[in-house]
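Order as written gives the chain letters A, B, C, D and E; numbering starts at 1 within each chain.
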């Protein structure tokens, strides 16, 4: 338990994430086939690959939504494959979802406060009786939520119901909620899908800012190669659940196998981002 | 049914005039006019919340599902108004939409989803042909015929949504962000498809965040901002205008002119606990 | 507030020197009814209400009681306990007695208050649990006595003999379980083996129960359930070639059944035990009641509720008259007056003794059988009688 | 032994009736993902119409009228309530149907009063004797009806586009509309069908061995819930299986009450629900139900 | 909604509650008390169904557990040894009864934790039937079919009974009902505030997210299964408390009362009042429990309603029909229930801004275009 979170002022240690021969089988198909890679502390690691390659499945294994058929995922001292989602969350892994998964009727603030769940303690009794401890806790974490909202640029939306916000903003709320978990590893599943050039650039900057100011590791799934190339320190490429390439972006980008399976000869997104 | 034969000569295609749409108190479109000539591909660009999807909903007559409604203006197809008789009437006239965000029938199998797509088609044989075409276009759908659609990957779902719409052998396709979440290669494949079905005589109205791709496909384009048409013209011209390049192609440009108004100098975020 | 003044519930003496309490003014005596007009016993409740209002009318015509006119407040509880409790809270303070309360769950729900208020109450249920409470007067026999007499009848006249087994189909709850006590006792006495089958009011199809009885080879079946279940039971049994006598409690039969396909079977093999004379009986009092009722309610069906209600009304009225004689019309006064009567209502086919409240008022039962033509749908088979073993039976009075 | 067989047979035959009712739930659930608590009132209406009309027009026409009436009512409920209810949650709609049920049942029971209405069926109290076992002819009819109807639906759901349209609408009305599905028609059709089914079920519930139609019919209908659930709310086969399981459980527990007396009497009513709970513990989506799979 | 208005509003309510017993007849107080009990139960159900999206149709069972639990704990064994009892001090008995109800909920948690939607709803139906079976068979504890008399509550020597000689305040005799009135009001207030705290606090957010997006909730660190079970237990305890109060008002518990009808009426309450909010539950509870009373008492005054005993739609039936209708109408035309209507109206008065688009009543995720 050496690297569980210690909120007593000392710098949290950012552990390394090691994925080893993770295999996931669903009735009749192998979504992940002995996939392995390592996310160095504080780095931005991208996972790319064609549709259905197994990227989200990989995220789902890391966050405990799916159970790996075999293989191991170590995050610092802990072995994740055996843990349920909420235990993994406690270890400091946070993620966003490919399809927005917010509570549409709750305000942005409440959605973000949910991110603080693992960092707060108030149970039914404490909350029900409004014990001073609960009130203090709420105030403290509410302040932090506003800090993060300002950072992500949601301050003016804090009290709007999420459901009525435009998609682009909802995407940012997802990121904000993940940040509210004070993660040591942040996993982003297609953060800029469905955004236009301008918004993509914003999001990219935001991700960079996160990494700079928090120094946490970031695992990124994205189809926008421009963004991947700009942000990633290392890239893992999946195809049909197998790892077909791994390494620094420019090396991967010119890997013929990757071009064949994923990028294609010329790609509009390239133009878009160039 | 045979698309070519059934096309009356000198038909006008889709015409939208001074359209205004509200969602309860929220006004989503005002004074929007646009034309989609028979056999053309027309693109609609615009930031998040600009009203693109609303426009398509208005054409297909699905606003009521969102508690919205047309408050002014009108829409006509081939001269005759697209009656308020309801969505099924619109589909019956061969105007079919690929809705935003995939919206596959998650609990039904891929196969059944495709059959659902054919419900609108008036003749079985054409539907059968269409099915051939869809499956060769997206082989993965054939592989997964028996899988529940909800379990497909994001991209696979997008392909299914596209294929499902094509099952109805539409005379006009309304595409809402068809490349959302697709890998570059697949996005290119979609682009191809659009060209192909258009070549076969299907008119296309394309809403796309991937402006580069959209402009490369379209003969003509409109730019929506907060519910109004701010720019329109031949695709080529628009692609050349640096306004569009900056805002929608995300190329060059400076912080001030960002569409989403994300704060340019964001407050630094310190590690928790502060 | 009006409440402040209206609070006093203590007894007071009115002009004519008669002690009065709640429900009694100088001009009127108010009697409550807690009935079921919308629930499962709607038709029964309606007959009760009609019959009692008829009786009070007749009394008023004859000049009322103690120079006071009788008034009635009716509340429909639709066989819902909460409504019953609410109803009692509403009409209790305004009434001197309750001429009828339908449903023993409802009586149970307000039993404590009835006792606290010393409110003379005639429940329209015949469970032993209702005995043992001074103000509550169960009329006639209780279900267990009926069953004891019934078994006696089976042995004496239907050729059931020691060693045979007989079945008993009964409802869960007061009704069924009271009846079961009787049948157990009688079976013991006569050396019969009793085969029990307990069901719920919602059960409709008695096939399984019939199968069970057949399996046990019963020679006769006692029936303490609702009319519907009776119909199903007898129908299935006969259709399945199980030709044995079926003997029911008085709540197991309703004339409506004769209209259904099961009617034939009932006419063929079913009889029931009851303390009250059927409407078709040739007792003058009952005959007159029949005529008066038809006269006042020409298009109302006549069922057992008519006689029960009328008799209950009679009990209350006579208690009031006695109380008037002793110049005490308070509730307590009425109850004690009532309890002085040791032989009441012979004209209705069997005198009742009200002096002991932990015993049934009577041990005599009729045997009655369905009949299409007869008024009230049933005719007497055997005039009222008491099984000799009935005397030894210790009635388990409720607290 | 013969008792056991007799109980088993009677259980199966009762089960057929439950199956018919359960199928009603299934149809609605597949079409609208609503658990229809108003089904009981559909039963009551169907039975009521038959009971009231058979003296005038004879049994078979009366049955037709009953089926038509219940179907019409079903369609009406859909048209007036379900279609307009602008709710996202199907559970809320389920509660709405409770409201509808309350209204209809109250009015119908008022009309029925405490009468027991005969349905004038041709089978009367005939029974078929197989050795020592007796089976009411009505129940054989029920068994046949259930078998036929349920196979029919099985095929309909699998192979007609009606089934597809129905399920599509149920899952996402807006997108289904984009496929050209007439939402109204589809779900209205489903409700009408469910109504028709209810009428048929009502017939078999109210004929021999039960004395006839009365207000308690609705209470008996409750037993079809465990049937539908443990079979799997979205499975026609499930409805049949569930019906049988419940019917047999009930009949055996009732028949062997003496032997089970140590568990307390009156177990017959609880047993079906206990069975249901056990099944759900093992298979949360019922025996044949498709289990809820979500991914992100 | 400005503070002063809110304060004034609460003050008015409080005043109303305090003076009610001085003016209302016993029968109204009794209905009021039934309504208060119902409100407590409804709040509990709303935590479960409204806020967490767990449909429960077995709520009446937990009321029964509370009621019979209290009776058993509080009453001393009957001399003939037929009925048992612990003869504990009544306040303690009440607390234990509530805990017992919670425990009963806990026993059900293997189901409550794993099932959802319609399946859970109908699974909970089983509770009603099982409950009835136990109540009627465990005679020594429950008194069987006839139930058992309820020992009156006694707080610090102050008994909630009619006897001894009613203490008279301002000329009004304070009998059991008048005294219970305040007990009930206090209990309701407590229960309401507690639930409000839960809903607005950390648990509430977790519950809502479980309702809207189970997987997301898990990934955000919410132990979904445990939370589901927990909420179920909590709402069971609310049911238990309601049961205790009902028992005290009844003075005799009868199994027949805790029926399916009762359970369904609780669902009706939270729908009519408004899903997910405390106030909604309370409003709905009062609406549903007072309606029949109003009808029966004023049947002769009402059009279309036949006076007791005459042909036509009787008061009881009219009430039934009306509340069935209310459920339908609310869902059709008043998303957010009566409370939603109320708040929108208030917003309109407070400032003339258009109210926020009403939330559709929802126990499950809204199919937002992209919320998958």
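In this section, a residue touches a chain if its C-beta (ideal position, glycine included) is under 8 Å from a C-beta of that chain, and two chains touch if they have at least 3 such contacts.
Since we're looking at a predicted model, the values are computed, not measured.
Undergrad: For the interfaces B-D and A-D, which has the higher count of C-beta pairs in contact?
TA: B-D
Undergrad: Looking at C-alpha means, what's the farthest chain from chain E?
TA: Between chain E and the rest, the longest centre separation is with B.
Undergrad: What is the chain whose Cα centre is as far as it gets from that of chain A?
TA: For chain A, the chain whose C-alpha mean is farthest off is C.
Undergrad: I'd like to verify one number: the distance from the centre of chain B to the centre of chain E, where each centre is the average of its C-alpha atoms, in whole angstrom.
TA: Chain centres of chain B and chain E, defined by C-alpha means, are spaced 49 Å apart.
Undergrad: If you average the Cα atoms of chain B and of chain C to get two centres, how far apart are those centres in Å?
TA: About 76 Å, centre to centre.
Undergrad: Could you put a whole-Å number on the gap between the CA centroids of chain C and chain D?
TA: 37
Undergrad: Would you kindly tell me how far, in whole Å, the mean C-alpha position of chain E lies from that of chain A?
TA: Here the centre of chain E sits 42 Å away from the centre of chain A.
Undergrad: Note the residues in chain B that touch 2 or more other chains, in rising order.
TA: Within chain B, the residues that touch at least two other chains are 26, 67, 99, 101, 103, 151.
Undergrad: On chain C, where are the residues touching two or more other chains?
TA: Chain C, residues with two or more chain partners: 38, 172.
Undergrad: By residue number and range, which residues of chain A touch two or more other chains?
TA: Correct list: 56, 65, 97-99, 101, 164, 167, 194.
Undergrad: Okay, in this complex, where on chain D does chain A touch?
TA: Residues in contact with chain A: 295-296.
Undergrad: Could you pull out which chain C residues touch chain D in their complex?
TA: 38, 40-44, 172, 195-209, 211-212, 214-216, 227-228, 231-232, 235-236, 238-241, 254, 256-257, 259-262, 265
Undergrad: Note which residues of chain D are touching chain C in the complex, please.
TA: Answer in residue numbers: 3, 6-7, 10-11, 14, 110, 113-118, 124-127, 129, 134, 136, 205, 207-212, 214-217, 219-220, 222, 250-252, 254-258, 261, 265-266, 268-269.
Undergrad: Enumerate the contact residues on chain B facing chain D in the complex.
TA: Contacts found on chain B: 60, 62, 65-67, 86-88, 91-92, 96-97, 99, 103, 105-108, 112, 115-120, 148, 150-151, 164-165, 168.
Undergrad: State the interface residues of chain D toward chain B in the complex, per the touch definition above.
TA: Chain D reaches chain B through residues 86, 161, 164-165, 167-168, 171-182, 290, 293-295.
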